[in-house]
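Mind looking over this structure? Questions follow.
Letters A, B, C, D, E and F mark the chains as written, and numbering starts fresh at 1 in each.
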Amino acid sequence: MFAVTVRDHIMIAHSFRGEVFGPAQALHGATFVVDASFRRAELDADNIVVDIGLATAQLHEALADLTYTNLDDHPELAGVNTTTEFLAQLIAQRLATRVGDGRLGPHAGGLAGITVTLHESHVASASYELTFR
Amino acid sequence: MFAVTVRDHIMIAHSFRGEVFGPAQALHGATFVVDASFRRAELDADNIVVDIGLATAQLHEALADLTYTNLDDHPELAGVNTTTEFLAQLIAQRLATRVGDGRLGPHAGGLAGITVTLHESHVASASYELTFR
Amino acid sequence: MFAVTVRDHIMIAHSFRGEVFGPAQALHGATFVVDASFRRAELDADNIVVDIGLATAQLHEALADLTYTNLDDHPELAGVNTTTEFLAQLIAQRLATRVGDGRLGPHAGGLAGITVTLHESHVASASYELTFR
Amino acid sequence: MFAVTVRDHIMIAHSFRGEVFGPAQALHGATFVVDASFRRAELDADNIVVDIGLATAQLHEALADLTYTNLDDHPELAGVNTTTEFLAQLIAQRLATRVGDGRLGPHAGGLAGITVTLHESHVASASYELTFR
Amino acid sequence: MFAVTVRDHIMIAHSFRGEVFGPAQALHGATFVVDASFRRAELDADNIVVDIGLATAQLHEALADLTYTNLDDHPELAGVNTTTEFLAQLIAQRLATRVGDGRLGPHAGGLAGITVTLHESHVASASYELTFR
Amino acid sequence: MFAVTVRDHIMIAHSFRGEVFGPAQALHGATFVVDASFRRAELDADNIVVDIGLATAQLHEALADLTYTNLDDHPELAGVNTTTEFLAQLIAQRLATRVGDGRLGPHAGGLAGITVTLHESHVASASYELTFR
């Protein structure tokens, strides 16, 4: 199995609901350094997993409505605890949609799956792994 | 599949027995930067894999009897080659025990597995991956 | 010249005023990974620049009222653009105060200066360097 | 499952054929920081996955004909798009051959697989995962 | 003294002349992860060292004719050993020119200096530090 | 001012004397990732600060009697608190000696200074900066 990974980042404000979150129930924020990893069983005719230029551009677009915002005010995320693991899934699903509608290029249909990892600090990260049927 | 990873470190002395270890048969030491990764198929009602505060605290406790010691003198490790890969397994098993007895929180029973990675330098690391039944 | 550096982090929300900040004028947030570096011309009698345990603890305390907050609501920071470079200076000055009143240990009077660096992402950081006397 | 990972690097020139590569069709170059990860279900009698000295040395040898070259002129790679993902596979297969002929030590027959990851910059990497039957 | 640092990268081919370079006399290549650090004694009225958006954009432009090329064929670099340290100086000087002609913004005249660091692998880097007047 | 930096590492056991060291008074150990940085005002005729091959080899030799040892038993270090900052100075002085006797090459006489940084974990490091007269 092959994988290609590209990196971008977002800088957001948010707050959490639930005692489990302790001080993070208050409005605070985070930089998430986002790694999007595309998996594929065999390389295509160009010897690539995915067009890395498209992968980078599509990841950037998939993050565009999130960065420099307060996620608590985002219409799609109303009432949601936007934890690092939840955001990893959200971004992976957005990328999967873009694979499905051809924005990752004509050969991206051969992709086996996507893993998105968000690094929230030098001591914590979360990821979501999605497999195409 | 989701994962959440937290980081801590230990600073230990030890020595190895066996020609395969070459100069590392002598008493020496290491800093191990320890990444503990908790996997879960679905998020819980708070949208988390595990309480990251508990995960960080329990990892720290699981390392407490190891750091600032000579592992050669540790009662649990007498006569054992405490290689990086062995220690990764030891720490993963300790964390699994803590999941089992509730110290990672009431929802941690939903965890699918734990991977522990020990970085021993900028050029070497080892890991152990454990899956719950 | 010697230096010892310790690392911690904060997760904050804030917004900026001024066209130069573009989209960062909106409420957003950041993780700042904070490196505090203490300089000293000669080592003390214990062969150290500073008690690294105290340095770590004092850095953590100097950050305590900032992390998990919206800096726009912080009484000390009302109307201030809390840029990465400004926060580096604020934290360096707080550490200098703690050196001055003995919280970094009795020998910390021999320190020559402090540099604080804040990493806001994998592609940007800022620092402030302060020299005593 | 256990894993041990060692790191080395190569510095190469190459060019690509195909519109998908855009400006990378021109002769350019890359540093690839190479992580070779060896997997094993159970530790051997010495409590190791693989002799880390041999793993490091064999990785270095497996890279020796690639580094400080123009891959476009390499006899084995004539007419091949030497993408990061392709090179990850090439290096993994070379290491698998070395496992097979005993150069990774007499116990390396117990290895379950190899993953090779090439980091081409701070924002992009590729990997290939190989499983022994 | 304050500093703000932004990061970009280039991927180039080149060769060296001189026995001191050993195998690097052959055509090979490198990824250079480039950190450009801007220093300033006092913050401007917006509490910044430099407009980080402009700094990032100008660094990218200053690298544009270098990336995805063979430096041996670059008209400005004919017959030059394009070592990591030489390139650090070249990029620092290009950024200084851009400060001088206003492309880093109207307040960039207050900058005290620029340091450019090029990371060529996980084990080697080079830098050039330039001070204005 | 130019600088070139190379990296290596050592894995050692040691203990400290003095209450300030707390639990580190017990025999423990560390991996020190060692960065040796060579400074020079002007490049030599080959456009380099120092022969990077010699710098790497000489750093490795300067560390050879330290790695895989218990520093408490090292004849040169008897009764010494081998703190990270002390070791940074020791290694810088050893490299300075090697510059002085020509082992860094015939042009190394033009070097302005050496800085050695030891990273002891992901959250702590120490350095020593030495300037040639």
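Note that a residue touches a chain if its C-beta (ideal position, glycine included) is under 8 Å from a C-beta of that chain, and two chains touch if they have at least 3 such contacts.
Only a predicted model underlies this, so the values are computations on that prediction, with no experimental measurement involved.
J.: Select the chain at the greatest separation from subunit F, using centres from the mean of Cα atoms.
T.: Relative to subunit F, the chain with the farthest C-alpha centre is A.
J.: Measuring between Cα centroids, which chain is at the maximum distance from subunit D?
T.: C
J.: Could you tell me the distance, in whole angstrom, between the mean C-alpha positions of subunit A and subunit E?
T.: 31
J.: Based only on mean CA positions, could you tell me how far subunit A sits from subunit F in angstrom?
T.: 41
J.: Between subunit B and subunit D, what's the gap in Å when you average each chain's C-alpha atoms?
T.: That pair's centroid distance is 27 Å.
J.: Can you tell me which residues of subunit A touch two or more of the remaining chains?
T.: 7, 122-123
J.: Applying the document's contact rule, which stretches of subunit E touch subunit C when the two form their complex?
T.: 1-8, 43, 46-49, 51-53, 56, 105
J.: Can you tell me which positions in subunit E touch subunit F when the two form their complex?
T.: Going by the criterion above, the answer is residues 16, 18, 20-22, 80-86, 88-89, 122-129.
J.: Okay, in this complex, where on subunit F does subunit B touch?
T.: Listed in rising order, the residues of subunit F that touch subunit B are 7, 9, 11-14, 23-24, 26-33, 67-70, 120-123.
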